[in-house]
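Labels run A, B, C and D following the written order; every chain starts at residue 1.
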Amino acid sequence: MSIWAFTLIAVLFAVGSYLLMERSLTRVALGVGVIGNGVNVLIIASGSDAGEAPIIGREGVLADPLPQALVLTAIVIGFALLTFLMTLAWRNWTITGNDEVEDDVEDRMITRRAEQTAKLGDEPHPEDVQT
Amino acid sequence: MSSLVALPILIPLVAAALMLVVRNLFAQRAISFVALLSSLATATAVLVDVWNTGDIAVSRLGGWPGSFAITLVSDGLSSVLVVVALVVTTTVLLFAVGQQTPDEHSPYYHPVYMALVAGISQAFLAGDLFNLFVAFEVLLMASYVLLTLEGNRAQIRSGTTYVVLNIIESVVLVMAVGLIFAATGTVSFAELPERIAALPDGVRMGLHLLLLVAFGIKAAVFPLFSWLPDSYPTAPSSASAVFAGLLTKVGVYCLIRVQTLLFPGELSNVVMIVGVSTMAIGVLGAISQHDMKRILSFHIISQIGYMVFGLGIGGAVAIAATIFYLIHHIPVKTSLFLVEGIIERNTGSSSLDDVSGLARKSPLLAVLFLIPAMSLAGFPPLSGFLAKFALVRGGLSAEQYIGVGVAIVVSLLTLVSMVKIWVGAFWGEVAPTSLINSVGVLRQHRSMATATAILVGFTLVIAVAAGPLYEFASRASDQLLNIERYISAVRSAS
Amino acid sequence: MVFFAAVVAHFAVAVLALIGLRRRPVIAACAGLVVLAGTALVVVTQAIGATSAPRKTIEWLPLLGFNFTFQVDGFAVVMALLVSLLGFGVLAYSIAYFEHDATFTRFVGLFMAFAGSMTGLVLAEDLFTMFIFWELTSVWSFLLIGLHDKSEVARRSAVRALLTTGAGGLCMLVGIGLLQNQFGTTSFAQLREAAPTGKMASVAASLLLLGAFTKSAQFPFHFWLPGAMAAPTPVSAYLHSATMVKAGIVLLARTAPIFGDTGVWRWWVVLAGVITMLIGGWRALRETDAKLVLAHSTVSQLGLLTVLFGIGSPYATYAGVAHLVAHAIFKAGLFLGVGVIDHELGTRDVSKIGAARRSVPVSVVAIGACLLSMAGIIPLFGFATKEKALVALLDAEFGLVGSIALWGIVAGSVFSVAYSVRLLHALVRTPNDSASNDEHHAHHEASALVRTTLAAPVVVAAVVSLGFGFAASTVGSWLVSPSSALDVKAVSKLALWPGINDALLISLVVIAIGAVIGWKAPLEDNSAQQPQGERVFDAVYDATIAGAKRITAVIQPGSLPIYVGVTLLLVSIAPLSATFVDGFGSLSGLTSGTALEASVSIIAIVLALGVAVLQSRFTGAMFLGGVGYAIAALFALRGAPDLAVTQLLVETLTIVVFLLALRAMTRITTRPVARFPQITRMFIAATVGIAIPLLALAARDARTAPSASQEYFARSVDEAGGRNVVNVILVDFRGFDTMGEIVVLAIAALGVANLVRAAEQHRRAAISVKEVAGS
Amino acid sequence: MIKSKILEELIDRWLTKVGTLVAIFITFRGHNAPGGGFAGGLILGAVFVLQYLAGQQPTIRRKPILNPERLLGLGLLLALVTTATPLFVGGAPLESYIWSITLPQIGKVKIVSSTFFDFGVFFVVVAVVLMVLTFLGTRGGAISHEPTDGAG
C-alpha cells in the first residue's frame, strides 16, 4: 500500500464519518458517498498489488481480479443505497420542508420524564405508577 | 438434497420478478403464497434430510469446486432457521393480506417482501463471507422499503434512523470482508478458519472486532441497538413483525458463525459482557415505555442479550441452548407483534393510555397474547421457559454466576413489562375510544387472527416437541463446534 | 396412569369452560365437580391397599433431564385429597356465590386449571416437575385475583402477588439448576440419597427456600397474601387457605429431609416462620375486615407450618401434616363462612357482622366451631394438632434454634387464640347499627337453594373439624403414612386428650392470655394504612421504573447523530486495539507510490475535504462526484479498467440522482442546533480516519496465503469461456453475488418509486381535503 | 431542462443510436475485454439521462419505454432463469455451459450461457436508471416545486 493510498483512505473515512454525524440528510448522504469511496479504495489498496488489468493474454503481472469484482459489486450496491437515501431525504423535504433528522418523540418524552422525576425528588410520575 | 438448498432463495426471487411483470393484486397474492409454500416445502425437505443423515448439504453455485466457488451451506443450524423463517414469513404474509393495507397501498409490497424472504434465506445459507454481505444488502434494502412503505412522516423519520445506521453496518461489514480478504486471500467460510488462525494476534482481533460490530449492529446489541426501538414501532405491523422476529436473529445467527466458525472461542468474554449488558439495558428500556410496540421492541434487544450471553459462554451445551432460544424466540416475538397489530388495527393506537379492557372484548385475543407473553417471560411449560432454563443451566455449569444473576433479574423485569401490557391493555374498563367495532374483534379480521393463531400454535408445538427439537439443536451445536466437518463437507461437495 | 389422566381432565374442563361452554358456565362447573370428585375417588381407591407408591415418568426433554415424574405416596394422597375435596366444596359454593356474576365463566375455567396444576404439584416427585406446576399456579392465581379486573385494587394485588411469587420462582429455578448440574437429578428421593452438603448445597437450599417463602407468604414476602383478598371469596378460600399457599409448605416438607442438616436451612425456616407467625398474628388482631383478619391469620398459621415442616424433626413433621390438614379444613370453612356473611349483609366489617346471627344462625355457629378449632380449643381438631406441635418442639433437640422455634410458636399461639376469640366476640356481639343492614337485605333476597348451597360447605367444615377432634386417634393413624412418606421416622399418633403434660400446661396459659387479649381487643380499631410490606413493594417497583427511565433516557436519547457517533467510535476502537496488540511495525510496509498516483490522490483528498467544508448541497454533490472520478482514475492506474469504467458511470448517475432530489431543497444546508459538540464529532472522525487505514495496512502485511484468484486465472478461459477474469467472476464464478446485487438495485428502484407514489398519494389526499374545506 | 433545438436533434439522431450500439457492444465484449452487462447498462442509462436532461422521454428508436417496472422484472427473470435452469438438467445453479456453433460466413462462434445472465444484468441496470428518471425525475419533479404537503 502506498503512502498516498493510506492518506486517501484516512481522509475519506474521516470526512465520511464527520458527515455521517450531521443532522442534514443530504450531508449524511454525502458522507455515505465519501465513506463508500473510502471502502472501495481500501479493498483495492489492501487486497491486491497494482498490476496489469486481469485479462488473460495481457503482458506483465496481472492484478488480483477478485478484489476488483468485490468492489464492483460494492460500488453498485453503494449507488443503490445512495439513491434510496436521497429519495428519503427528498420525501422528508416534501413533508417537513427540511431534510433534517428529527429526534425520536417517544425517546424525548422518556428523557423529559426522567428529568422531571429527578427534580421532584424521586416522586414517580403519575403515569409510571403501576396500575 | 444439495440441489434443493438454493431454492428457498431462488423461488422467492423468481416470484418477485414475476410480480413486477404481473401487477394484478390477486395474482400477486397467489404468487406470493405459492412461492413461500413451495420454498417452505423444499426447505423442509432439506431439513428432514439434514436431520436424518446428520450431513451438511452444500450447493456449489456455478458447479465450481467448493474451495473457491460461492457455496450455500445448509447444516443443522441453517436448515432449521430457514424453515422457521419461512413459516414465520408465510404466516405474516397471511396476516398482511388480511390486514389489506400494505399490499393494496403499494404494488411493490409483494415483490419487496419476496426479496426480503430471499435475503433472509440467503443470509442463513451463505457459505461465503462476501455473499453473506450481499444477502444482507438484499434483506436490508427490502426492509428499508417495507419500513417506509406508507411514506408518512413518522415512517420517514424512523426510517431514516434505520437506514442510516444500517448503511453504516453495511459499510463496516464490507470493510471487514475486504480486510479479511486482504489478510487471508479468500472469503469462503470453508477456507477462512485455517487462514484466520494463522494470522497474528492483533490483526485477528481487529478483524474479529469489526465483524462483531457489524453483526452487532444488525443483532441490536448494547451499545449498538439504539436504532431498533426508534424504528420498528412505526413500521406497518406486518413488516415490524417480521423485522422483530427475524432480522435481528439474522444478526445473531451471524454472530454464532463468527464465534464458532471464523474465530472459534475468541473474545468470548467480550461477547458475554455484551450479552449481559444487552439483556439488562434492553429490559430497562422496556419497562420505561408506555407504548406496546416500544415495549416489545425493547424486549427484542433484551432477548438478543440472552442469546449473545449463551454464545459468550460457549461450549456445546450453551450453544445448543442458544440455538434453541433462537428457534423459540422467532415465532414468539413475531406473534406478539401480530397481536399488537390486531389491537392497533382495532383501536387505532398502540399506547397503553388508549387501550384497555380487551380481555373482556376478545378473550381469544387475550389468550393469543398471554401465551407468547408468558413464554417470553419464561413461564413453564412454554418454550421460553425451556430456552431460559437451558441457558441458565449452561451459565451455571460454566460458573458464570453474575450473568445468570442478571438473566434472572431481567427475567423478572420482563415479567413486569408483560404484566404492564396485560394489565394496561387487557384488564380494566373497556376504553370508550378503543374498538371501533364493538362486535367480536377477531371475527372482523379472520385471516389476521388465523395467522396469529398459527404462530402461537407453532410456539406451543416447539414446547411440546422440545425433546426432539432440543436434540436437534444439540446436534447442530456439535456440528458448529466441529469445524473440520464443515470444511470437509464444503470442499468435498459434489 | 390414572393420576396423570386426572390432572389432564382438570385442564380439559378448564379449556371447555373458557372456550366451549362460555355461555353455560354452570354446566362447566358441574363438569368440574365431577372431575374433582373423580380425582378424590381415584386418589382414595388407589391409596387404600397400595403397598408401594405408584410412580410414573413422562419424558419431555430428556437431554437436559427435564421430565415429569409423579409419585403417589402418602403425603401426596393427603394433599391431593385436600386439593380435590376442598376444590369440590369451593366450586359448589361458587355456583351460588357467582349467581349473577358475568365473570363466572372465567372463574370456572381458571379454577379448574388451578386445581389441576395444584394436583400436579402435590403429586410431583421431582423438583423440576413441581416447578412447572408451581409457576402455573402463580399464573392462574394472578388471573384469579384479578378476576374483577375493573377494580384497581384487584389489579394491583394481582400484580404484587404475581411478581412476588414470580421472583421467588426464579430463585427456585436457579436453585434447581444448581442441583441438577451438581447431582444430575432433581428427584427428591435421589437427592436425599445424594445428601448434598457444602457451599453449593447451602446456596441451592437458600434459593429453594426463597421460592417457598414467597409462595407461602413468609416474612418478608408476607404482604401479597392479604392483598390478594381483593379476589372473590371462593378464590381466597381456595387459593389462600387450602392450596396455593400450601405449595411452599409442600416444597419445604419434601426438601427438609434433604437439606435439614445443611446449617443454614434450619435458621432460615425457623426465623422466617416465627417472624411471620408474630407479624401475621399482630395484624390479624388489628384488622377490621373479617376477610383480612382471616388472611393475616393464614399468614400466621403458615408461619407455624413452615417451622414444623422445615425444622426437620420427625415428630414435628408429623405434627405439621396433622396441622396442615386441620388448618385447611377450618380455614376453608372460615373463608366461606365470611363469604356467606358478606353475601348476606353486604359487609365484612367485624363490628357489624354480629347481625348475621339472626339471618344465618347455622352458618354463624359453624364459623364459631371453625374459630375454636383455629384457637386450638378442645375438643376440636385444631387442639389435637397444636398440642402435637408443642410436644414435638418440646422434644426436639436443636439447641438455640429449637428454643426460638418453641417460644416463637408459643407466642404465635397466643396471637392465634386472641384473633380467633376476637372474631368470636364480633359474632356474638349485637352491632349498634342494624338499620343499614336491613336496607341492604331488602334488595338482596337470595333463594333458599342458594343459601343452602352457600352454607353447606361451611357446615361441613365445622362438622369435620369437630368430628376429627373426637376421632383424633383414628385420624392420627391415617396420618402416619403421609408423614412417614416424608420422613420414615415420622411415626406418631394424635389424641383428643393427651393427658396432663408440659404442653397442655403451656396451652392452658396460652389460651387464657390469648382469650383475654382477644376479648378486649377493639373491633373498631382502624389504623387503616397500607401495610408496610405493600408499601415497600410499591416503592421498589416505582423506584425500579424510575431508575429504568433515567438509564433509558441517557442510553436512548433518540438522536440519530449520537447513535452514529457511538457506532463509529466502536468501529474505530476495533482497529486501534488491534494496532496496540501488534505494534506499529506494519507502517514500514508503506511505499511511496508513483507521481501520478500521488497527484490523483491529492486531488481526491482536496475534493473530499471540500465536501466536508462546503455548505452548499449542490456543490457538495459535485465535489463528491469529483472524488469519485478521481478514484476512477486511481482504479485505472492500478490495472482495474472495469472498475474504472463502472465507477465513472455510477458516479455520473449518482450526481444525477443528487440533482433530481436536490431540486426540491434549498441550496445551502441549514445548521441545526447540535446537541452533539463539534469537537466530539471531529475527534470521532479523526479516530476513524486513523484507525481504519492502520488496520488495512496490518491486514495487508499479514497475508501469507495465496489469493483465491489463482483458481480463477486457471479456469477462466477453458472452463468459463472468457478472458476478462473480472467479468467472468462477475457472471460466472461469483455470479450469485451479481444476482444479489441486481436484486438490491431493483429493490432500491422500487423503493424510490414507492416513496414518490406515497408523496403523490399524500398530495392528492391533501388537495381533496382542501377542496372539501373550500366547498 | 436544457432547451435547444440543435442539442435535441443531436441527442435524438445520434447519441441515442450510437449510445445504444456502444452499450450493446460493451455488453457483448465483456467476457473477454473490459465491459459487461453493468457497464453496458450504465452506458445506455447515461444516454437516457441525457435524453431526460434535454427534456425528452427516454426512447429507443423513438419508442418510449412506458413501463420500466416490467423491464426490471424481465431483466431479473432473465438472470434468474439463467441461474435456475441448470437445476432442471441436473446441474448446479448458475452452472455455465459453452456451446460452439458454426455459423455460415462468420465461422465458429462460442456461446457461453452466462452471457444471458449478463443480459439480465444489462436490462436491470437500464430499467433502474429509467425508474429513477421517471419517478424521482418526472413525477417527483411535479411535487418538488410545490410547498410542503403537510400530510402524513
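Heads up, the rule we're going with is that a residue touches a chain if its C-beta (ideal position, glycine included) is under 8 Å from a C-beta of that chain, and two chains touch if they have at least 3 such contacts.
For clarity, every value in this text was computed on a predicted model and none was experimentally measured.
Novice: Starting at chain A, figure out the least number of steps needed to reach chain B through touching chains.
Specialist: Minimal hop count between chain A and chain B: 1.
Novice: Can you check which chain pair, A-D or C-D, has more C-beta pairs in contact?
Specialist: Output for the comparison: C-D.
Novice: Could you name the chain whose Cα mean is nearest to the mean of all protein Cα atoms here?
Specialist: If one averages C-alpha positions chain by chain, the most central is B.
Novice: Rounded to a whole Å, what is the gap between the Cα centroids of chain A and chain D?
Specialist: 28
Novice: Measure off the straight-line distance from the CA centroid of chain C to the CA centroid of chain D, and report it in whole Å.
Specialist: Their C-alpha centroids are separated by 60 Å.
Novice: With centres defined as the mean C-alpha position, give me the chain B-chain D separation in Å.
Specialist: Roughly 36 Å, centre to centre.
Novice: Where the centres are mean C-alpha positions, what is the separation of chain B from chain C, in Å?
Specialist: 25
Novice: By the touch rule stated above, which residues of chain C touch at least two different other chains?
Specialist: Residues 155, 159, 541, 545, 549, 552, 556, 558, 560, 564, 568, 641-642, 646, 650, 653, 657, 660-661, 664, 692, 696, 699-700, 707-708, 712, 723-724, 726, 730, 732, 734-739, 741, 743-753, 755-759, 762.
Novice: Pull out every residue in chain D that's touching 2 or more other chains.
Specialist: 32-34, 38, 69, 72, 76, 80, 83, 93-94, 96, 132, 136, 140, 143-144, 149-152
Novice: Which residue numbers or ranges of chain B touch two or more of the other chains?
Specialist: Where chain B meets two or more other chains at a single residue, that happens at 13, 16, 20, 61-62, 130, 134, 137, 141, 144-145, 148, 151-153, 156, 160-161, 164, 168, 175, 179, 182, 187, 229-230, 288, 423, 428.
Novice: Touch graph across the chains, line, ring, star, complete or other?
Specialist: Here the contact pattern is complete, since every chain touches every other one.
Novice: Quick one: in the complex, what on chain D touches chain A?
Specialist: 32-34, 38, 132, 136, 140, 143-144, 147-152
Novice: Could you please specify the touching residues of chain B with respect to chain A in the complex?
Specialist: Residues 130, 134, 137, 141, 144-145, 148, 151-153, 156-161, 163-164, 167-168, 170-171, 174-175, 177-179, 181-182, 187, 229-230, 233, 288-291, 294, 353, 420, 423-424, 428 of chain B touch chain A in their complex.
Novice: Show which residues of chain B lie in contact with chain C when the two form their complex.
Specialist: Against chain C, chain B makes touches at 13, 16, 20, 61-62, 64-65, 67-70, 106, 108, 111-112, 115, 118-119, 122, 130-131, 134-135, 137-138, 141-142, 144-145, 148-152, 160-161, 164-165, 168, 172, 175, 179-180, 182-188, 191, 195, 198-207, 209-210, 212-213, 217, 223-224, 226-227, 229-230, 281, 284-285, 287-288, 357, 359-360, 363, 367, 374, 377-381, 385-386, 389-390, 392-393, 396-397, 404, 408, 411-413, 415-416, 419, 423, 426-429, 466-467, 470-471, 474.
Novice: Provide the residue numbers of chain B that touch chain D in the complex, in ascending order.
Specialist: Going through chain B, the ones touching chain D are 3, 6-7, 10, 13-14, 16-21, 23, 59-63, 151-154, 156.
Novice: Using the touch definition from the top, list the residues of chain D that touch chain C in their complex.
Specialist: It is residues 30-39, 42-43, 45-46, 49, 68-69, 72, 75-76, 79-80, 83, 93-94, 96, 98, 110, 112, 114-115, 117-118, 120-121, 124-125, 127-129, 131-137, 139-141, 143-146, 149-152 of chain D that touch chain C.
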